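Letters A, B, C, D and E mark the chains as written, and numbering starts fresh at 1 in each.
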């Protein structure tokens, strides 16, 4: 269990760094979704299924949708 | 059951329904908001006298204290709840384009502000605070200029940052104590929060809630926002909303965080706020930003007052807050038509003599000329500062006095411009009657305060004493003690 | 794995997310990255809040089929985080809408340029020149400075 | 230089966090308000999901405010982005597969969303999660056919206003009964049954509809944003 | 209702009447009568037996901040109030007739002028009546803002100078407030008596802080060095009689407060104990030297002015130095001289300003380079100015001689020859510059454009003549004023000067009755010889020739600009305007800081500052 958590955390943190480093905003958005999904997994680990569901639906789903729509409107759909 | 919750809930309900009402009758939608606020103000005023004897604790949903959320009403909180309600009423936003939305936002602001002032639960305070922040974004952006959008965005970045930090602070507090109820925190704090973790939580929350209270490092939004928002909104934000954020910090300081370092942090940040605000205002060349910077300076004085340990500090801060509550909105109202470059103000006293005279009165009170209330407020801050007999506090007193002379310089430069004989190239607009009437009303309040100085001071002292009485707070809320595995 | 027990790993994740979020806000100039940074910071804070009463071995605070577990996780932080996530998404949407409008008005999302243009707009509206540190505002210098010199050099 | 200072600050921040972490006391975690709630929630609210109890009953006012934040954000979003112009050019419809997929998904998502909302007091999930799915259900057809006006902003604002008002009015009903605002009413029923926990499911339904309509409105606004100016 | 209540009430009524009726033809006279009533109330307060006067309380008192605020008059207040009301009376009289009408016709707001003047008198009375440190500060601020009002009346350039004044004055007031609150922190009360009792127990550092703060606060109003820059211009730009009033008494309020707090409560003997490290000076010497430089530098700046009002106003700054010097020396002679100089100076300064205003009224200018020869046109104004400058220069037989003699004498008795020399250098400058004043206005060639000028109207001449009488009579019988100063000396606890009607009755004393009588006899004899000798003949000024040409009225043979060229060449290099540069440096320092702060708010990334704060907190945690 701990090993899984460790791997998830490492992936999550790396993705978080990637969010800030990727030139392509779409890739950054994908990395952001990975962070959200990882977070949602961690919420399951700490026995919070409600929060995990919310994070998956809102953090990974809705927020990404919002970001994607905004990126399209901002003309950042492809990297600058 | 207390009707006090209606002060919070009724404006929210009306805001939800306003667009539906508008579909039925535009007129009803227009008058609905002010009427509801009048009603809630009446409710607040009717409760006011009974709070003098004993504060009131209401449990939302009827759940016992540490489990549910507590609404704690003492005169201190109710004073600012009323200030929020009545202030919104007086400064009811008037924008032709977004009237319906602005009305909803104003209602939400009044309800949220009242709730924030009366809340007795840490996370509840956070939610109220966030809601108030979002509502103020809306009010700022309702002007509809690209400048107002950009400044809202900058404000949002700082605010979002602060809010996340405040949330982390709440997490640290909950981790240490296992409760969010302020009364219970007050019980547990000496044992569990009087350490580094508690201090870190305090700093995080200070930064978070300090954004609205124009605390020094997180107040970079102030000049931009007050310069781009409509004057009525600036008046609300600078006059009332900033005081509510300050009230939260005061509550936390009184009840939960007793570290001496916390006071020192407040003192240092307050001094930096005064210095940076007043100096920047000295060089401002447009009225709105001058008022914005000077508001930063004034809030800095309040933080300095807060940093005085004991009852004297609460009293001093309360006095300065109430003084500023009357003063800043009327100044912003006057600036509404005068806004723009100070140079262009030349001769404006001819077109609006009453406004100019009022500006002189307000300036005199702001810099603290006796016997106007500003002087007494200043006296109340400096006297305990000097009595503490510590170098940093002496320095703070010096900074306040030096800042006052800077303030006198830049405010009277404006006054001189107003009364200059040769008018500026562009003609000045006279003030709208309603603006002027509101400003005169607030100014008259200041003058009236001169004659009621002694009862007023007694009353404020009583409110401060009640606010700083931790044991009454705990007794009134009466949270059940927490035990391993459940409540006793 | 003595040092890296579950608790520590989770805390590292929370603080790490917060740190990365803050650095995003601090280092970036591009508004989208700043918004990403705020989102990361909020995620970290949420995790921290949830961890505040995390206890290994507890079960989720839900009663399934009348089976009441001995140790349930604390439901309060979960409710708080639920609230915080929803608040976060509301503010995120707001920030994105504002960003769209700002880009349309100023043609950029670089915060340095936005700041400059904002300053320009405020100054234009007020009818004053854009302040720059090199010039001296005549209004300010005038008052105390027209001095003995002009008066007394006459005699 | 900027990066260097930033790195320095971050280093400092990291050290500080480490210092604070060193001082965190993990032994307190068993004594807290949440455990107290766990002990009495089933009895007091009748909901099997204690998180739901906390969200809707113990901290109901927080939830109301949270809804208000969403409401405000949606309203401001509408204000900031403005209304679509009638003659604005529209994106062409998406391909056949996406259109058909969207048509098929719409009822499915609707049902799933409502299911999650209505079982919020029993299982993980509830108004927020279900609301998001509802929003997705209404938004998906919009992606597929940008021309259609499935999401009428006026209807949306009416629905969200009424849903929010319902929440408050249920709260006020308790006050007519002489209790505090938002006190749970009605019979608590049998723990674990679908119809139980008094007014909580009704509240969650209001929450779900409100969240759904607001988020759908926000999404629609963002999707339409370019049509302005 | 006590006598003090009546006085304050009448004064307040004066303000109201002035504001209501100031614009009317009778308004000025009405107000003048009210000033006379105030004077009567003041005299009633003590009768003329002032030397036995005790403290008169006002029934007005408040309890604020658990402190009682009260107002009362003692001999010191009475003495200053007498001068204040007198100055108000004469200035209002002066302004009531033709001057006021002309002022109004030129677009001035006469109602506001009379109101501001009355307000000045009222606020000064409130200040003089202050019975504790809090009321002292309140009165102080009221006086400051009232002066600001009257200074700013003229608009235009006056705004700039008034602005400069209020910047100085408010900064001074804040220093004062700091000092007073420091006293409160040390003593726990605003009461005079408690302070007096607590002074012996105060540490030297506290006392130094107090003395510096208070002297700076009071000094700004007195315009002692280095705070002297604001005064002359601000006074000069005040409308006519207002300038006379301000010049006569306004900045004396600083001296009053200084006497009350520093001399009476802290005590000069305590100042002597406060030594400046590494020097042989103490606080008293420091103050005395400040006073001496306040005499010298402004006086020589005055020498350079070519505007009559500014010349007089700069003298006002210099003469303050004499008063301060006398009071700081604090022996019987010095303090009597300093106090008496307040009275004397007020009388002739008001008169001099009035004479200049009369000239402006008739000719429209106060530029010393554009006047001359008015002696034949305005003989009474000439007489007033002559008497005034004799007084100002400190020559017998006018009252200025007596007070300066007392101060010089006290310096010699005190054993301070250097201070004495400094004071004498100041007097030298005074004599030179007042000669410039009277010469350039009244002597020499009459300008063509002034050929038709008439004597000033009676409403202006009578106050001048009355003041001239005061200057002469109190010079002839200095005992009249010395009676009052003795009462003051008793009340503030300084040694009392033994005196009689003619002067001082100590060894090597002074008897003005003898001196003036001898002078008068001498003058009379000279006049007799002059007229009875019969060898003189009246010729017209232009009945003359130069270089073989007859003179016409257009020919200028009387040059008044570039006065004292040799002296100016000699001392010219000393006019470096160092204090101007100091002031300017301070302003640019504030300006730079201010720019930096604006830059901070405009440019800095907010998170940077936040992180500065975090690192700051971190260092705290680690340390």
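By definition in this document, a contact is a pair of C-beta atoms (placed from the backbone, for glycine too) under 8 Å apart; a residue touches a chain by one contact, two chains touch by 3 or more.
This structure is a prediction, so every number in the text was calculated from the model and none was measured.
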Hopping only between chains that touch, the fewest steps from chain A to chain D number 1
Could you compare the number of C-beta pairs in contact for B-D with that for A-C and name the larger? B-D
Going by C-alpha centres, which chain is most central here? B
If you average the CA atoms of chain A and of chain C, how far apart do the two points sit, in angstrom? 18
What's the distance between the Cα centroids of chain C and chain D, rounded to whole Å? 22
Distance-wise, how many Å sit between the C-alpha centres of chain B and chain E, to the nearest whole number? 46
How many angstrom between the C-alpha centroids of chain B and chain A? 37
Of all the residues in chain C, which ones touch at least 2 other chains? 18, 21-23, 25-27, 46, 51-54, 60-62, 73, 76-78, 80, 82-83, 85-87, 89-91, 93-94, 96-101, 111, 115, 131, 140, 143
For chain A, which residues are shared contacts with two or more other chains? 48-51, 54, 58, 62, 66, 69-70, 73
Provide the list of chain D residues touching at least two other chains, using ranges where the numbers run on. 6, 9, 13, 16, 19, 29-30, 32-35, 37-38, 49, 51, 58-59, 62, 66, 69, 72-73, 76, 80, 124, 128, 215, 218, 222, 225
Which residues of chain E touch chain B once you look at their complex with the stated criterion? 62-65, 137-138, 141-142, 145, 152, 155-156, 159, 162-163, 166-167, 170-171, 174-175, 177-178, 181-182, 184-185, 590-591, 593-598, 600-602, 604, 606-607, 609-610, 612-614, 616-617, 620-621
Interface residues, chain B side, partner chain C - complex: 123, 127, 130, 134, 137, 141, 145-147, 149-154, 156-157, 160-161, 163-165, 167-168, 170-172, 174-175, 178, 180, 224, 227-228, 282-283, 285-289, 339-344, 413, 426
Along chain A, where are the residues that touch chain D in the complex? 48-54, 57-58, 61-62, 65-66, 69-70, 73
Of all residues in chain D, which touch chain A in the complex? 49, 51-52, 124-126, 128-129, 132-133, 135-136, 139, 215, 218-219, 222-223, 225-226
Parts of chain D lying in touch with chain C, wherever the complex brings them together: 2-3, 6, 9-10, 13-14, 17, 21, 26, 29-30, 32-35, 37-38, 41-42, 48-51, 53-55, 58-59, 62-63, 66, 69-70, 72-74, 76-77, 80-81, 122-124, 128, 191-192, 211, 215, 218, 221-222, 225, 228-229
